[in-house]
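As written, the chain order gives the labels A, B, C, D and E, with residue 1 at the start of each chain.
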Amino acid sequence: MLTVSGLNQYYGGSHILRDLSFEVPAGKVTTLLGRNGVGKSTLLRSLMGVVPVTTGSVKMGETDITHAAPYVRVRAGIGYVPQGREIFPRLTVEENLRMGLAIKPGSTPIPPFIFDMFPVLKQMMGRRGGDLSGGQQQQLAIGRALAAGPKLLVLDEPTEGIQPSIIKDIERAIRTLASGGEMAILLVEQYYDFARSLADHYMVMERGEIVARGAGADMDKNKVRDLLAV
Amino acid sequence: QTGGTVKVGVLHSLSGTMAISETVLKDVALMAIEEINAKGGVLGKKLEPDVVDPASNWPLFAEKARQLISQDKVVVVFGCWTSVSRKSVLPVFEELNGLLFYPVQYEGEELSKNVFYTGAAPNQQAIPAVEYLMSKDGGGAKRWVLLGTDYVYPRTTNKILRAFLKSKGVAEADIMEEYTPFGHSDYQTIIAKIKKFSSEGKKTAVVSTINGDSNVPFYKELGNQGLKATDVPVVAFSVGEEELRGVDTKPLVGHLAAWNYFMSIKAPANDSFKAKWAAYAKAKKLPGADKPLTNDPMEATYIGVYMWKQAVEKAKSFDTDKVIAAMAGQTFTAPSGITSKMDEKNHHLHKAVFIGEIKADGQFNVVWKTPGPVKAQPWSPFIAGNDKKKDEPEGKTVIAAPAAPAAPKK
Amino acid sequence: MKREDPEVAHWRDAPRPWPWWPPARSPEAAAAAAVAAQPSSDASFGRSVDGELDLTKGVVLYLDGITVSFDGFRALNNLTLTVDAGELRCIIGPNGAGKTTMMDVITGKTRPDSGTAFFGQTIDLTRLAENQIAHAGIGRKFQKPTIFAHHTVFENLELSMKADKRVRKTLFAKLSSAERDRIAMTLAQIRLTDSADRQAGLLSHGQKQWLEIGMLLMQEPKLLLLDEPVAGMSDDETERTAELFLSLAGTHSLVVVEHDMKFVETIAKKVTVLHEGSVLAEGSLADVQNDPRVIEVYLGR
Amino acid sequence: MTRFFGPRGWTILAACAAVVFVVFPVLNLVVPPTSAFHLSAFWVTLIGKIMCYAIVAVAMDLIWGYAGILSLGHGLFFALGGYAFGMYLMRQIGADGQYRMNMPDFMVFLDWKEFPWQWWNTEHFWWAAILVLVVPALLAYVFGYFAFRSRVKGVYFSIITQALTFAAMLLFFRNNTGFGGNNGFTDFKRILDIPITTPETRMALFAITGAALIGTLLLGRFIVTSRYGRVLAAIRDSETRVLFCGYDTVHYKLFVWTLSAVLCAIAGALYVPQVGIINPSEMSPANSIEIAIWVAMGGRGTLVGPIIGAFLVNGGKSVFTQYFPEFWLYLLGLVFILVTLFLPAGVLGLLDRWRRKST
Amino acid sequence: MRALLLGLMLLCVLLAPPAYAVDAALAQRIAAGDNDEKVAVLAKIVAAADPKDIPFLQSLAEGTVTLDGKPVEITVNNRLRREIEGAIAALKLVDPDRTTRLAAAKELSGGAEPGMLPAVKKALATEKDPEIKPLLEAIMATLGIKSTDKAERLAAIKTLGASNSPTSRTLLAELKDDADVEIKAASQQALKAVEGRLAWAERAGLLFAGISLGSILLLAALGLAITYGLMGVINMAHGELIMIGAYTTYLVQNLFRAHFPGAFDAYLLFAVPAAFAASMLVGMALERTVVRFLYGRPLETLLATWGISLMLIQAVRTIFGAQNVQVENPSWMSGGMEILSGVVLPYSRIVIIAFAGAVLVGIGLLLAKTRLGLFVRGVTQNRAMASCVGVPTARVDMWAFGLGSGLAGLAGCALSQIGNVGPDLGQSYIVDSFLVVVVGGVGQLAGTVLAALGLGIVNKLLETWAGAVIAKIVVLVFIILFIQKRPQGMFAMKGRAVES
């Protein structure tokens, strides 16, 4: 679904991402792990086009989106849950979800499954996004990304601040979505257990490079946890 | 002695709030200079205009004046419109012994050796206008609304008028004074007030010293609220042909203005002035050249340039002091058809006063005029203490440290 | 120590420049007025509460009957809670239970509609402004890391350091070598020594979390409020944080809000579960984890 | 951490001081007017005037660039300083006015027999000096106290400062307010009983202004390099966090706000005798916006930037209005646009970039 | 123009030699005599009450009469005009056409001269129309009050006391110190009654003035409520966009005057969309070339848009000149509606109030029914994220800025009808516009509306008893105090959302 090759990224003078190449296949969950500050979020932001790619290429299916504007990528079928929620604070919950439907015609209803997954959003429809509690905002961010039915879902530490029971729900939901076979999922996580239980593939990043990768089932065996230790 | 050029300064705002009025004065000064040059210049020298833009900024006026006189060495400056701009440059002209021609009607109460005032003093504009309104022909007004923008010229004029009205037996209760801030654009309540005031008895007239931009909304409101000149006439001292350019004058027919010049005056001098201006505007592609208008300050500017030329020729020198001396008693056949004379002493012109009623086409219908030129009274007799003032600028005041500390306070 | 509706009392007490000056109403304005309520402004700032923290009963924080509502929605509902001096208390609870709101009330950011909040025996938190509360000895780490983005990491720590924070003093303040050492120590503790001169805004999410903890440490508060301190940290770092907190407990009092149950397990002695604005359960972690109501609303199956 | 000044900074400062205190006086007073090197009175007053503006720009930058408080009413403090000192200058005219009375002309004209209360004691220089400092400080303090206490921030603060200066302007336009209405104060003759137009007086005023500018710069530098300055910048970025660190932000803002107002007032007081007029249009909202523009032009958040900005914009204005009277607004407008688009950190940012490139 | 008119007149004269009913001697006296003489002759004509004299009077009002086949120019001043108009009206009182009579009666009720008594009496004797008759009776009363017969005077006072025209007040006021005790008492009572009714009219007029000012403030601020309130662009050139709208109106007007003089009254209908389009295009161009590089740097937009505003002002000066240009109201917008006597609500203002309402509804619908409003707010709050959910931010910015600018153009079109059209037009509104948006609460459309109306009404209320200058100062101080109470404007947003 998503093919990344030879990706490099810089912030000012510092080289953040070094020559990354990988694929995110449809119907599978690919997880990316790494310690703080290794560049995981930077990678996702590059994939979304929030920071322009310096060198390398990004392809969505057959289309090259290396230099496309973010909204073009969304139209190409990427849904993004950023780190730090990034909801629209002064829009209501409903409006936030409607923003998630920006690429659909104006009359498209908000898909009800989102409310099944996060019932609290239904209760808080009229409240402003910024007034929600941290965890509620995170749920809103996930709901917003799912609203338009993306082909590739990119999640940056989605479980942050969410209560355990809902994490379990999210886990189940992601599995269902992936197993439908249509959707590809790229998940960045530090929460090892969560990552492991979902991963079909895993990658470990260190200082801007992918230092290990393999099948999700082999994570324990390959001592991935040790790679993440300081 | 002949040949070469000599610089003359033109100090009018071309940007900022006053550009609306002053831009044409710059143009008319340039026109006069061009005419003079075409006829061989002054004392054989071509005049080279030095135009600067003081941008309606009063400190900048002072800076530009200093620059014109001390850096650019101009021999004379034509400029200023507002009183505050004149007050701002005055010390500079006095310090550097420059020469300024000031072309706008103003509140008086000033005389300077270095300035010639070619616009009207209050007694050459305001007082005759009020007298006219009091007369039978003017409608015999008994109650007065003095309406102005809140600054010095209106306040001073109204003070003088109040004293004048009192001297004519008008009661305090029959005078209403009303001021609006600069740039005021909503005259609804004020016109309602005028209406109310005028319905409280006796014939009422309005004397407007509303400044610049506020006039258009004022007159538009006046028209729309149906306050007709036959009921409550409004006489204005700052509204001329240019100001009416922006107004639909049909509902305003009959309201008045008092000036020393109207474009509609029928006189050969005026016809040629208008023709020259029209041709000049067209040739220079000035904005609004399709409807060239002339007005009183333009005439005053024009007179100023020519009188200066005559004085230089009389003095046979560009030297400030010599020119000042030669200015006394200069005469010039003004576009108004009157032969204006520069007073021997007080640096003001003798001018005829005309009162015009607005016509539907934006011009004025002269309904009254003084029999001949009127001598200016810069020190209004209606202000206490002025009777003792000398009708002549004092020689350059030598400013030195006073020997004793300045006279005891209080 | 029962009082009438604190907000009403507050308005009445707030000084008015002139008799006709209307009393402050909005929480912000009310808070600001509280600043003015202090006997005098700059010169004696903070003095009235300084050093008066009274822990004679061994309790550092009392919350009694706190209710907060937003447009009719009750975020806190008659919440009553006490924290003992030197205790490390974990607070868990579903999203939206009111944990952050509770911290807002303690730190003066939100004024409760009713209820009392005391720091020690004597300091009435509902009457103080944020800075006075901070000065009294309560430090807070926000759920979303808040640091001074345009200052360097070093300066972030310097500014939060415990010191005289009056205008005149900061104008002439010089860093002593002891203070420098303390900052260096903290830098090492939060592993940002290498980034000391970097702009804090450029740090990654996890690094910001650490920086904020560092700032809290520099402030030397007596009571630390930590809202999800390990969110976004790797497991390894979570462990280090846990160690840090355990070492602080005893000398400091800590209130930790966290959803990471593994982390809670490592540090918790007593756990309070909030739900819909009030306490649902309280006790040891094991007790709480086995409480069916807690499983139902929070842990899930 | 920021140093007070590098060695390079001190050198530049010393050079500037030398120019202001030695070179200019010599060129103006010693070199004969006929010489090509003579510095005429025109330039002395022009540069003196712009130096006053530069002080205002630095004062503005202290609150805007460092504390993030955009004032759209700083012209008011400038004008108040000018008026306070102007009253003294008016009293110094003595009986040399148009009416030859021992009272300012406008009062004679208004038939006032006595000085209104605002004018009490203004014949004394020391009292005028106190007024220059105290009146703006008091106004700024009271206004700032209530505004900061109510946590008025951002554009809301900017707009009420604008409303304040606008209201003051209308008030001063009125003759009855007792400050000469629209004409303001002008036609000054003496200062400290010395004629105001002699080259020596002029040069002295110039040098004092230069000293004030350098003093302002040093004071500003002291403030922004202190811990106080860092707290200020922190308030700009996140006031809540600063509060939670235990700082009383109201007083932090209040101090720099009041200081900035006083600096403006001093600039105003120095401006009036050099320019020769003070009138209410100095309080017009547009003038205050322009102050912000000088700062932005030179580089916000630096202290030298605003000085450069003040010189560029005002110098540009003086030159453009002379040489391109009909087109100067296009040029000025274009400069503003280009600076914002291509020099986001102002002119100083450009210099910085060059320096970095060359090293 | 004048020459042309004269020429035309001359032509008429030549084609149809005038046959004034007035006898030649009188006409001669009018032409040659001084104004007093003229007035005396006019009184004679009125006394004769012969409608056939009307054409003569009309040509006199024009300033030329034909004597012995030669046109003679006569300077007509206010005094004469008043007399002539009165005379014409008096003669028209017996006109067979009802509307003419009605107009004449109305004209005279403004002030009739004693000399008209016979004419009025004559008219009253034959008048049957229920609308005209009371008017005539009122006129009779105004004349009767000066009568020598006490009973007649008392009756007249009574009639006047029942009317509510300001003329009645004027007349009654003159009598309130009358020597006759009875008349004095009666007139004082009548005066009180009239004044009481007039006071109500005044209050209504005041309210209207407030709403009218509010509607103007609203129009001026609405565009800014979009570009600044929603998009966060401190657009100092907003005033100049208003100005562009006004100048567009001027151009459209000229176009109509030159090419479709017959449809002149309809020019405004075309000017409205034209003004919108012109300002919108300019706005969009600005957005694409300058503003878009400055999102998220609001203070730099201040600098750049200030520069733009300088350039636009000077551009207009270069093209149209520094002077004001004339924008004429279409005839259906000039004049006013007299709701109660003495209180005239100008049509132009009524139309503008309605227009402001319509624009408000339009913009409200646009923002509520389309997603533009949602997108704009989303984009301003979090530009990067808006792009990441698929909003084409650049396009949204451009349209939103264009919309705000277009609204400014509409404001300009409206303002051209009541105020100046000159290069400085925008400058005078920019401060007020920002005040309104900010007092209302940035980003709150409802706040903008309320603030505009509130400030308008408060301003007008203060103006009546404190004068315009003090009123303005007080309003400004009021705003300062208001912001202390509500630091986020009228419609403050509270809660966490504000800080994030």
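The definition used in the following text is that a residue touches a chain if its C-beta (ideal position, glycine included) is under 8 Å from a C-beta of that chain, and two chains touch if they have at least 3 such contacts.
All figures in this text were calculated on a predicted structure; none of them were measured in a lab.
Counting hops only between chains that touch, chain A reaches chain D in a minimum of 2. Note: the chain lying farthest from chain A is B, by mean C-alpha position.
Central chain by Cα centroid: D, whose mean Cα position is closest to the mean of all protein Cα atoms.
Remark: chain D and chain E have CA centroids separated by 43 Å (rounded to whole angstrom). Distance from the chain A centre to the chain B centre is 75 Å, each centre being the mean of its Cα atoms. Separating the CA-averaged centres of chain C and chain E is a span of 61 Å.
Residue positions of chain A with contacts to 2 or more other chains are 131.
Multi-chain contact residues, meaning those touching two or more other chains, occur in chain E at positions 313-314, 318, 427, 469, 472, 485, 487, 495, 499-500. Residues of chain B in contact with two or more other chains: 14-15, 150, 179, 181.
Here chain D touches chain B in the complex through residues 40-42, 45-46, 49, 91-92, 94-96, 98-99, 102, 105-106, 108-111, 114-115, 123, 170, 173-175, 181-184, 186-190, 193-195, 197, 275-277, 279, 281, 317-318, 321-322, 325-326, 328-329, going by the rule given at the top.
Looking at the complex, you find that chain E touches chain A at residues 370-371, 374-375, 377-378, 381-382, 384-394, 443, 493, 495-500. Contact residues on chain B toward chain E in their complex (touch as defined above): 14-15, 17, 19-20, 22-24, 136-139, 150, 178-181, 183-186, 188-190, 192-193, 195-196, 198-202, 213, 216-217, 220-221, 223-226, 229-231, 233, 242-243, 245-248, 250-251, 254, 256, 286-288, 357, 361, 363, 365-368. Across the complex, chain E is touched by residues 70, 143, 146-147, 150-153, 155-156, 159-160, 162-164, 166-167, 170-171, 173-174, 240, 285-286, 289, 292-293, 296-297, 300, 326-327, 329-330, 332-337, 339-341, 344 of chain D.
Note for the complex: chain A touches chain C at residues 11, 35-37, 41, 83-84, 120, 127, 131-136, 138-139, 157, 160-169, 190-192, 225, 228-230.
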